[in-house]
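Shown below is the structure under consideration.
First chain written, first letter: the chains are A, B, C and D, and each begins at residue 1.
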Amino acid sequence: MSDLDSTRVAVVGASGYSGAELIRILLSHELAELVCVTSRAESGRKLSEVFPRFRGVERAEAIKFIEPTIDLIIGSGAEVVFLALPHGVAAEYAGPLVDSGLKVIDLSADFRISDPEVYADFYEADHPDPDRLSDAVYGLPEIRPNEIAESKLVASPGCYPTSIILPLIPILQEGLIDDSSIHVVSMSGTSGAGKKADAALLFAECNESVRPYSVPKHRHLSEIEQELSLAAGNNVTISFTPVLVPVTAGICSIIYATSRDGSRNDDVKGALENKYSEAPFVRLLGESSPPDTKNVTQTNFIDISWSYDKRSDRFILMSAEDNLIKGASGQAIQSFNLMCGFDQTTGLVI
Amino acid sequence: MSDLDSTRVAVVGASGYSGAELIRILLSHELAELVCVTSRAESGRKLSEVFPRFRGVERAEAIKFIEPTIDLIIGSGAEVVFLALPHGVAAEYAGPLVDSGLKVIDLSADFRISDPEVYADFYEADHPDPDRLSDAVYGLPEIRPNEIAESKLVASPGCYPTSIILPLIPILQEGLIDDSSIHVVSMSGTSGAGKKADAALLFAECNESVRPYSVPKHRHLSEIEQELSLAAGNNVTISFTPVLVPVTAGICSIIYATSRDGSRNDDVKGALENKYSEAPFVRLLGESSPPDTKNVTQTNFIDISWSYDKRSDRFILMSAEDNLIKGASGQAIQSFNLMCGFDQTTGLVI
Amino acid sequence: MSDLDSTRVAVVGASGYSGAELIRILLSHELAELVCVTSRAESGRKLSEVFPRFRGVERAEAIKFIEPTIDLIIGSGAEVVFLALPHGVAAEYAGPLVDSGLKVIDLSADFRISDPEVYADFYEADHPDPDRLSDAVYGLPEIRPNEIAESKLVASPGCYPTSIILPLIPILQEGLIDDSSIHVVSMSGTSGAGKKADAALLFAECNESVRPYSVPKHRHLSEIEQELSLAAGNNVTISFTPVLVPVTAGICSIIYATSRDGSRNDDVKGALENKYSEAPFVRLLGESSPPDTKNVTQTNFIDISWSYDKRSDRFILMSAEDNLIKGASGQAIQSFNLMCGFDQTTGLVI
Amino acid sequence: MSDLDSTRVAVVGASGYSGAELIRILLSHELAELVCVTSRAESGRKLSEVFPRFRGVERAEAIKFIEPTIDLIIGSGAEVVFLALPHGVAAEYAGPLVDSGLKVIDLSADFRISDPEVYADFYEADHPDPDRLSDAVYGLPEIRPNEIAESKLVASPGCYPTSIILPLIPILQEGLIDDSSIHVVSMSGTSGAGKKADAALLFAECNESVRPYSVPKHRHLSEIEQELSLAAGNNVTISFTPVLVPVTAGICSIIYATSRDGSRNDDVKGALENKYSEAPFVRLLGESSPPDTKNVTQTNFIDISWSYDKRSDRFILMSAEDNLIKGASGQAIQSFNLMCGFDQTTGLVI
């Protein structure tokens, strides 16, 4: 199937939704060998017992959860470690593992923000390992594939940020919009809140409910603005409102931005096509062809559309992705592929 | 129960979702006597046969659908007629009924837009009865109760417009925001699309789907901007994106607007409290207390919250309503109550 | 509105789903005055703060949760107390309250089973107050209205039992089916599991999930078989499988039973019509007209249909109810009305 | 990847839900080459235009829908043809295609019933091609792999039947249950009703709805009883009630049957393990471990559990499958693999 050797991987904190998606992808990834899954709560149990979906899957039946200690992870022989842990906790693992020569892909926020003061402002705690921030790469494979390929520590982006940054970066880079005019509303499925026993996330509370939250300052603003500022070449501040809607998976973002210098739909189309012509997971739907999350769930695609409103001289950018895949685990696998020298799509196509 | 006489009412076009909600409310309204329900498709069938929810409800068991002819409606003895018909069709009924001395509450768009050219622009057809537009009152009971009380033709507002206009009017009237800075995203349940056999609205298409549509120029913009312009005292153009989400009922609107002259949360709070202190169906949730559609469905309440984001100098206004009740039938009943001299809440509390 | 005096009521354990429904009904019940709501967790908070649906409802704004002590409940002046507590806990309140002269309507299982050994078998604990069992009435208003009217302690039936017992009692009483042939599958919404922080009840776990549970011996079998045995005149054992389906509210039961002595649809129809001709909340849909839970949710109705299958010589009985209303709080209000001498439908019609 | 040559396939009637699932699987099937997809309604449109999920999938972008004529299908070079057509229509294609030397896998009911009189009874029409019935194989890969492998015309089983037959066959074959005691309730997602514009299937009608239908004689009874009778060695009549529940995909069946000759859980377990030890898609969950449809959706697995209820001396068998995959398209691919000499799991694992 390939002359490439497969890579041994570990998933730390594997009992949540992102962890389960990572494992699902890795179990059928032809160049990854899953050698270690950890979970404090599930230690000792078989993977297929904790995740009944994986029963009968040969590669899954052989694996048991172990305790998440640095020694056990290193001892498993893993070459690359995915951290699916809460922020603050991930940093406790990333440093020692990298220092021991392993590569780390962190799905938490710990290494996404290059400025520790911004981290402290948004996460209300001092950064646990500020000296290592400069070693980390913010892992958007469409934007900086080479840095990811050479990195030992990838900070995989958040779900909301991915859906907002990817449509905007090419447009900001080409100066097509007023960078002070960005307003975003993002709707997310409940799996984004994680698998935690919280009465506010019960079916009977989320069903038939549409619920904005974390206004006006959601934590993801920190990484969104960091990346948009890099693209614009100056500080960008945006408005962002997340809304919980009753789907299990999927994020849809609506992004408003005012046209600059007479830019129109064709300019936006050109910028996006130019930037993403080689990006296998970005699908450009065309003008005024809104995305639908159900077309991207269970895939690593992000669908993007745009519409110029001449009445207001504003663009409406729209995107849809699976929050657990392109917004988390699938994107982390893209980075993994790049870090291992594999084709970016390995294990991810349909 | 009351010294007031009850009023005889008809519901024309009663087989859809708004019609069913109107009937539900009217069946338990102590001062309304439902004497006529029409539906071309259901003519001859009992109300309780078409709407099994109403089986066993004494007042419902006695009523059958009839053909929607002007003569039959007038012949029923109805004093007030609700039109739950498509736009374009409603106007065919409104004129003759008003001319015959009946009062009309129209739930369609036909008499909402005072300027027939704007109607033609947004509805892509000449207005069917332009001379009558000046007689119609745009029926927001919180904004113009007296005009409604004295009107013979009330144009009851659309679902999206209600959720957007009510939070903004007091704030625009007091000049607290830059009226060129308004950006809106509204999420709606699927009942808003009506009870029509359309494959795009099947459960299997809407479930696990988040789907923007009608960008960049949804028809409701016409009435939203008309009312906001009246409040602001000059022409207001906004951005508006509707999104279909998998709930049956409910609309949640997220509205961004830039602060003007240093206005802050307290100013917004003051403007809303001032305007709605006597409005029984407007609930002000307070600063940064986002609404949840599940708290308003099945009721005529609209919940409103606000949050000033100092980072962007913008306000985030949020509202939630039941699209079929406060956004359609309940609001129409409010107008009915005003037109009949009843208390505004009759038939509508809890 | 009525010459009857209103009755002062308390709801103990009012923070869950059944409690909220009880409160919702009581707030608009013209002959009930809600004087006391208790909740250990919410003590001191306003009703409208805990249940945002009740904001702006005048009668709700005046009420605060208090601690659930016997003294405080009695001190509130309540004449009738609803217990919406877990089984085992309810019995600690029922006795002292009844002994103090208050009437009690218990929504838990504590006084439903007349035989304490059956209770111990199904609930895996000794009955907490066996001497009082003989004073309690199993509160099916359609079956024993007079006993309820005269009782001081009503054990309000469970949600599944109500949906199964009401269709079967008339048919068993008339001997139309083989009482050893009953097989039941009941599908329930997730609100039936209560408002508890349990990861298995998260939206992301219940959505797109159909999940049988508690096989083969769900606790509700104890009361179902008790009541069916009374109707049949001998011991009846049935099969029963509950299934969790992704709706918030609603139970649908499918009941198979073999025809006896050549009984057919008309016999079943006759038995049901005969028994329920005066029952305002039982709606008989007719032969082979299956019910749909969406027609009964938010109401106190139970819809019943039947179909004789000549191929198997069996009847298929089908019922639908709102698990929180006819299956819990609405039914308890029916009993309350009977105990107070009110019309059975007070506060409950549409 | 394999020394086997790939097989050219056509999908006729590919615009519905089963057709889309077939295409999804075939697009990533390493030994199938999709050369022809037909749809009268979508003829001329690209596959990725009709199914936006397939945008960006290289193999999909190259394919357009064509008209469903026999000549065009044969002309496409297809060796195996899947018919995803309504019953009655499928038979018009099957005969000519088989006579032209192509192999046919029919997902409709047309060749499932070996007795044309039974077909006429259940489908209320004469069988369109009765002489060919004896050539067709009822395509349960777990039960008759060899006949499928050698067949030119496979009648792929219905969704409900698969979920009911697979648990029961081993148990009937070993005589562990009374074959006159079978009672079934099956809950299905709405995709089973197909992608047709029917108001009863709208989101607003199916959401928050649990709805039995087609009582007492659903068409699938014909094939269920045919296969159970073969297993039992005598005529078997069962009771079966299908229930529509608000999920997109998934079927869960609850099957009651009375123990015979003292059989217990271990006997059932033994029979199932014995029969399915080599069946890659049957997962035996163990005693009283109910299945959950969410663990099988998007897969070709069927999960089976069992529970002996000593109180009633009955077994409760439970199964879960994805109605569109194991219940339709995935199972058809299993047959395809067998017919082509491929491993049964090709294109189907995880």
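What to note about this one:
The criterion applied here is as follows: contacts are C-beta pairs under 8 Å (C-beta built on N, C-alpha and C of every residue); 3 or more make two chains touch, one makes a residue touch a chain.
Computed from a prediction, not measured in an experiment: that's the story for all the values here.
Between the contact lists of chain B and chain D, the overlap consists of A, C.
Compared with chain A, the chain whose C-alpha mean position is the greatest distance off is C. Note on interfaces A-D and A-C: more C-beta pairs are in contact across A-C. Distance between chain A and chain B, defined via averaged C-alpha coordinates, is recorded as 40 Å.
Computed centre separation for the pair chain A/chain D is 37 angstrom, with centres defined by C-alpha atoms. Mean C-alpha positions place chain A and chain C at a centre distance of 46 Å. Residues of chain B in contact with two or more other chains: 205, 207-208, 246-248, 292, 294.
The part of chain C that touches chain D in the complex is made up of residues 183, 185, 187, 205, 207-213, 215-217, 221, 237-239, 241, 243, 245-252, 254, 256, 288, 290-294, 297, 307-309, 311-312, 314, 316, 318, 320. Residues 1, 24, 27-28, 52-53, 55-57, 208, 280-281, 283, 285, 292, 294-296, 298-299, 301, 303, 349-350 of chain C are the ones touching chain B in the complex.
Those residues of chain D that touch chain B in the complex are listed here as 17, 189-191, 195-199, 201-208, 246-248.
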